[in-house]
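Alright, structures below, take your time with them.
Both complexes shown next keep chain A, but they swap its partner, so chain B is in the first and chain C is in the second.
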Partner chain A sequence: MNIMLFVPHILVKDRFDGAVMSLLAAIAIGSLIAIVNAWCFQQFPQMGLPEILDQHLPKVLSLPLIAFTALTWMSGGIFVVYSFTRTMGIFFNPEMNEYLFLFIMVMACLFAGSRSSRSVQFALEVLLLLCAPLGLFILFKTTTDRLVSWDAMRVIAGYVRHPPSFRSVAAATFLFSGYLNMQIFNRLNPPGFRLKHRWLIPLLGASFAFFTFFIPIGFHGTIGVDQYMYLWSVTADSMVLKYGFVQRVVYLFLLVFSILSLMFVMNTYHCAMEMFKACWIQYQAKAEESPVPKSNWIICAIFGALSFAYASWSNDQKNQWATEWWLIGRFCVEIFATCITLIIVYLARKKTKVRAPRGGTANYGK
Partner chain B sequence: MIEEVKAKLGNPADLTTEIMDNGYTTMELCFFPSMCDSHQVKDGILIPFSYRFDPDEFRRMLRSDLDFTYAPNQDEWIDLLLQGCVLLQYEGKVYCFDAIRKLQTQPEDTEVEASLQGPQSAMTEDLDMNTYLIRLRYNSPTLVIRKLQKGEISRTRINIIYDRDKVNRQSLEELEKRLDKVKTKLLQASGQLAMLLGNNRYTIFPVTLQTERPDRVAQFLNRGKIGLLVDGSRFAIMLPVRFFDFMHAMDDDYEPFWMGRVIILFRYIGMMLSMTLPSLYIAVSMYNPEFFRVQLAFSIDGSRAAVPYPAFIEVFIMLFMIEALIEASIRLPRFVGSTAATVGGLILGQAAQQAGLVSSIMIIVTSVVAISNFVIPNSSFSYSIRALKYVFVVTSIFYGMVGIIVMSFITVVYLCNLRSFGQPYLALFLPNDKQPSRRTE
Partner chain C sequence: MFKAFVVLLICSLLAGCGMKDIDKRFYVVTTGVDWTGNPEKPFRVSLRLAITSNKVESGSSRTQIQTVEAPSIAEAVRHLKAFVDKELDFGHCRVFILGKDLVANGNPDAMSWFARRRDIQKVAFVGVGEPDALSVLKVTPESERFPGNALFLTFGNEGTESSYTVTTYLFDLTRRHFEEGMDPVLPVIRSLDKTYQIDRVLLMDKARMRLILNPDETQLYNMTANEAGKSEVKMPYRDGRIVLTVNQIRTHTDIAIGEVPLVTLKVYMSGILEESPPEALENDWNGIERQLGKRFSSEVEDLLYKIRDAGVDPYGFGLHYLATTFGNKQDFAHWKSVYPEVRFKVVTHVKITGPGVVR
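For the complex of A and B:
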């Protein structure tokens, strides 16, 4: 997903000034944040972020917080929709009207995002499993390709001693933002739920980080690499499938990629929608609702309209600039949010300790 | 009694009414001969009343024989008669004798869901026979059978069957709620009931599964699902179902493990092909010829050289032909059916290609679509796939490759969004052993 949001592009720009160190730093910080957050959310089974904030903070504090998180989610979704439309326009149908493209994307995401949390989660699982073999195949292709210059990667890796830049760290930690899903999907987790295989987070994150950063360098060389805007699509285009119907790997890549983007946007729309709904006064969190309430449609339609507005304002440069700021902003928000959840967990635990002798039933610290 | 019945029914010609006198006493008798089994009437009533008459024994028989029930309520009489009972009045009391004529006395052979080595017997159009078949296969004391009637005119009998211990309570409640809402005049087939019970009229995918195989019903019952048997229909409705159930044939369980898996895999591939192939053809020939390798793109375009109109018109022509052919071979009498297939498939296809109306690749595409559609074991599900194909075609006309990708995404989301009686339709991990989805890409 990071590929869409110019993460590799940002990293590659800094490749001589500490991108490698930033990557390492990001792996440490990112995994730490992800694991701490996952642990925090485990203390509140079947509750999303809005409910947790509502319960432990005064309304005045919690409402702006929720609204702010929702805004972050929403803008992420809008950026991705736009970048995706651009990529598809360039690589699939160059002569097609951009807004027509945006239309089908927005319609799909509108429909998908307005489903109930449970449906969205099922869809994520299914689609991820469908994409995984193809994605792994592409990764396999990239590493075994004859044309990859391992020397170029080694040269860049040699710049490891440069101090990390804030921008790169912020961009690279985006890889670890998967845990953000828990803000809403934690509602579905039963009490006593434990996230298994937590050690996988740093491992997978690190491997993806290195892949996204080093493979393009291997293909385009240390200097040529920063000439491309849609870096990974071009990188995938450097590969050829000798056998099979499809010759250019870029199409396989775009296929996986469009599904992943759609998934991401569905996710962001959905989470933003749930958060905005949580700002309403009479709101009950539900993981499962059918038929889909009208408010879902309306909120998602607003997101769709905003996407159009953004597309009409933006072009490639502006989009890149906005995305960069979004990544940095998101990084700050994440750290801030982690602190808040930690404080809340601390408060909740203290409360339980006081209540426990009196026979309180709340057992958060299970 | 006879006067009352006649007055209520308007003295129909096929109603037999008689006052019988055997020399000692009289008995009033009325029934529809067409609906009753005359042998049973003879053995059960006429012989004890005439040749072997003994007032004491006859009275005892009326009171204790299982086939006789006391029917004091006048309002019930008509209903009983219409169901095929014999009404008789003896010594001032009205009894009803069960002599319903049964058309089926044996299980039928499977026709729709054939199996190579599995059981060959299928359900019949008789409810009691079906119930027997299921009791036979699912011989457990926990099997519950509940009776009800639906349809104002047809008054079709329905049996709800489930395993008391294993059943999913939530779905059962949902089913009861929906059954209460079902209002119809004539209920003739289980498919009709399935539609009335379904989510709403516009769902593309079926949320209940119809099967004619008792072994399948038993297997589903064992998994905690609920079955509905409708009188007069040889299909049982099973619910709740999941997406994967539709792609599963009973043979998969009777064959060695890996063979079964491989065949299931083929089925999924077939489903994907039959859904996306026509739209892929459009996308490749109209928008993205560079998607495939050069040689393939050339041969597709080369075969289209003689075709004077855009690819989607070609696709519509061929798809219409194949749909018409399938429809015709279902509706036609069996003797003519094979002729239609030969004429349509072989001769017309060949001629259309030679005349330059369609490309030869399109003929291949069409036949692959048709064949792989038949691979889907459940017919109502294969209808859904058939219909969905057109949605793909339409999006690919406007968007090419991207349209197909986005449509497949929407389809998956739609499937995940569906609920079959409260249960998720498409889900990989069921809620109790679920991992959170987590993306690190």
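For the complex of A and C:
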């Protein structure tokens, strides 16, 4: 997921000035934020972030907060849809009109994102299961390749003593932002829901963080690695499948990559849409609604239009710049949001003095 | 209904734009770049284009070669498009051949075209053509079933598995070109009448060629640097000759840090005897193992000193030194200053598993 937002690119740029330390710091900070947030949301079963804020804060405070979160979500989706279009344009069919490609992408995300929360969640699970084997296969390929230079990785790992840079920490914590989905999808969690296997968060996060950062270095060397724009696509292209129908691993990679991008954009569009809807006064949160209300279509269509506007303004360099700032901004917002939720939890507990019942078997929607 | 119509519309748009059928494409199978010496147009780019046919049998492959001279590779390729009737496609170009003069004189930054093109595979093979790339392209092996596949099969142990052939992938070349403490290596492809001879290796520093190893040295290099199996170790023995076929070879590098670092290369190999005087092995199994190991060690040491004196580091000892010391830029500067005096020690453990089917 993080691959498309230039996270490895940013880390690789800082590889001699503290990227490794940033990674370690990000693993600590990221898991802490994720676990704290997961715990906070558990206190409010069947409620998304908008409802929680509405309930415990005055309207003047909660509305801008919700709108701001929605904006963060939305811009994330727009960046990814653009980066994805560029990558596909370069690796699949460079002769094709870029806007046409964007149009197809946006249409797909519009359809997917405007569904009800329940459908989006199921779609997420199905897609994740679909990509998992392919993703694991690529992972296996990269680590067993004979030409990976472990020496180069060790050289970079030796720069661990350099102090972390803020930019890298912000970028690397993005790996742990999965919990943000709870802002909306917490609505679907029944009372008594507990997130199981929480210890997996730091473990998986750390392994993916190291994986995305070190493998490209192993393939392209300590110096050569920063010359590539689409780092992971090129890394996947550096492997051969000797026995099989396709010879270049890059095609498998692009397949996984497109599924994950679509998934991410669907998710961001959906969450941003729900948040914006929550800014209306006569709004009632619903997990399942069929047929899809017109407002969903309209809001998602606006996102799509904004994606086009962004694409017409942007180029590779500008996109990278914007993404970098988005990552930093997101990091600040996350910390800020965590503080607010903690305060709210504190207020709510003081008010009721009753703990949400614990236990239960539901563990979907991790 | 309306939605379905929209989707259909999009699909029809798709077909009209960007896509080109196979019969309107020319697949480039091999690209050669030569150095002309003319400062105005220093590059001569030659493309070997596959002429597709439905016959798949040995000797039926037909290709066409187009050549043009230009100031840069990108311009040459654009210009070449005017010479042919179909659109050029580099997606199947798996071999790039650089002329020997180009490697000796050329500016390596001009090669970034390869790394930048998205349709060029990073797993394409790179080699040096001797005497030049064009003459290698002109070779038409009788055994080719598909256009250009003789060279594809030669590299990467896909067809023949020769311990004389070093395989260099494009991404590996790029990496070595930039990396500190590791230098590029390229196989030398020589054109014979109807076949290729790829049994030498060319060592480069960051910019140009420094040394070409002869076939024996190439095999030693390939065994120690790439752990190439199916190789051989040989020595004269009494009045005959002993040849050990190496099935497995593992190497391990240690660098002792000192004022002048000592590089210890440990080699473990095992294999069976393919040629030996009768019953020699039974009489002196351990002795032969030891002698083979000793001889191999001294040969490799000579090779390592030769490579060191040429001022290149194809093994990546410098990088390994940095990795073991977790060094930074100063450490690398130190390594560079002492590299001309680095000492090497090779320890070889040979294990003979048997004498084959005869005693």
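Heads up, the rule we're going with is that the second predicted complex is superposed on the first by the 353 of 366 C-alpha atoms of A that agree within 3 Å, B and C clash if a C-alpha of one lies under 4 Å from a C-alpha of the other, contacts with A are read in each partner's own complex, and residues count from 1 in each chain.
As a working rule, a contact is a pair of C-beta atoms (placed from the backbone, for glycine too) under 8 Å apart; a residue touches a chain by one contact, two chains touch by 3 or more.
This one's a predicted model, so the numbers in the text were calculated from it and none came from an experiment.
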item: First (chain B), second (chain C), both or neither touched by A:253; value: neither
item: First, second, both or neither for A:104, with chain B first and chain C second; value: both
item: Contacts of A:93 with chain B and chain C, given as first, second, both or neither; value: both
item: Partner chain(s) touched by A:326 [first = chain B, second = chain C, both, neither]; value: neither
item: Which superposed partner A:219 touches (first chain B, second chain C, both, neither); value: second
item: Which partner reaches more residues of chain A (counting touched residues only), chain B or chain C; value: B
item: Touched partner set for A:205, first chain B, second chain C, both or neither; value: first
item: Contacts on chain A seen with chain B and repeated with chain C across the two complexes; value: 93, 96, 100, 104, 247-248
item: Chain A residues touching chain B - in the complex, by the definition given at the top; value: 1-3, 88, 92-93, 96, 100-101, 104-105, 108, 111-112, 115-116, 118-130, 135, 175-176, 178-179, 181-182, 185-186, 188-190, 195-196, 201, 204-205, 208, 241, 244-248, 251, 255, 258-260, 262-264, 266, 290, 292
item: Parts of chain B lying in touch with chain A, wherever the complex brings them together; value: 287-288, 290-294, 296, 395, 398-403, 405-406, 408-410, 412-417, 419, 424, 426-429, 431-432, 434-441
item: Residue numbers on chain A that touch chain C, as the complex places them; value: 90-91, 93-97, 100, 103-104, 107, 147, 149-152, 154-155, 157-159, 219-224, 227, 234, 237-240, 242, 247-248
item: Chain A contact footprint on chain C (complex, rising order); value: 6, 10, 13-14, 17-20, 115, 118-119, 121-123, 156, 158, 169, 171-172, 174-180, 182, 316, 319-320, 322-328
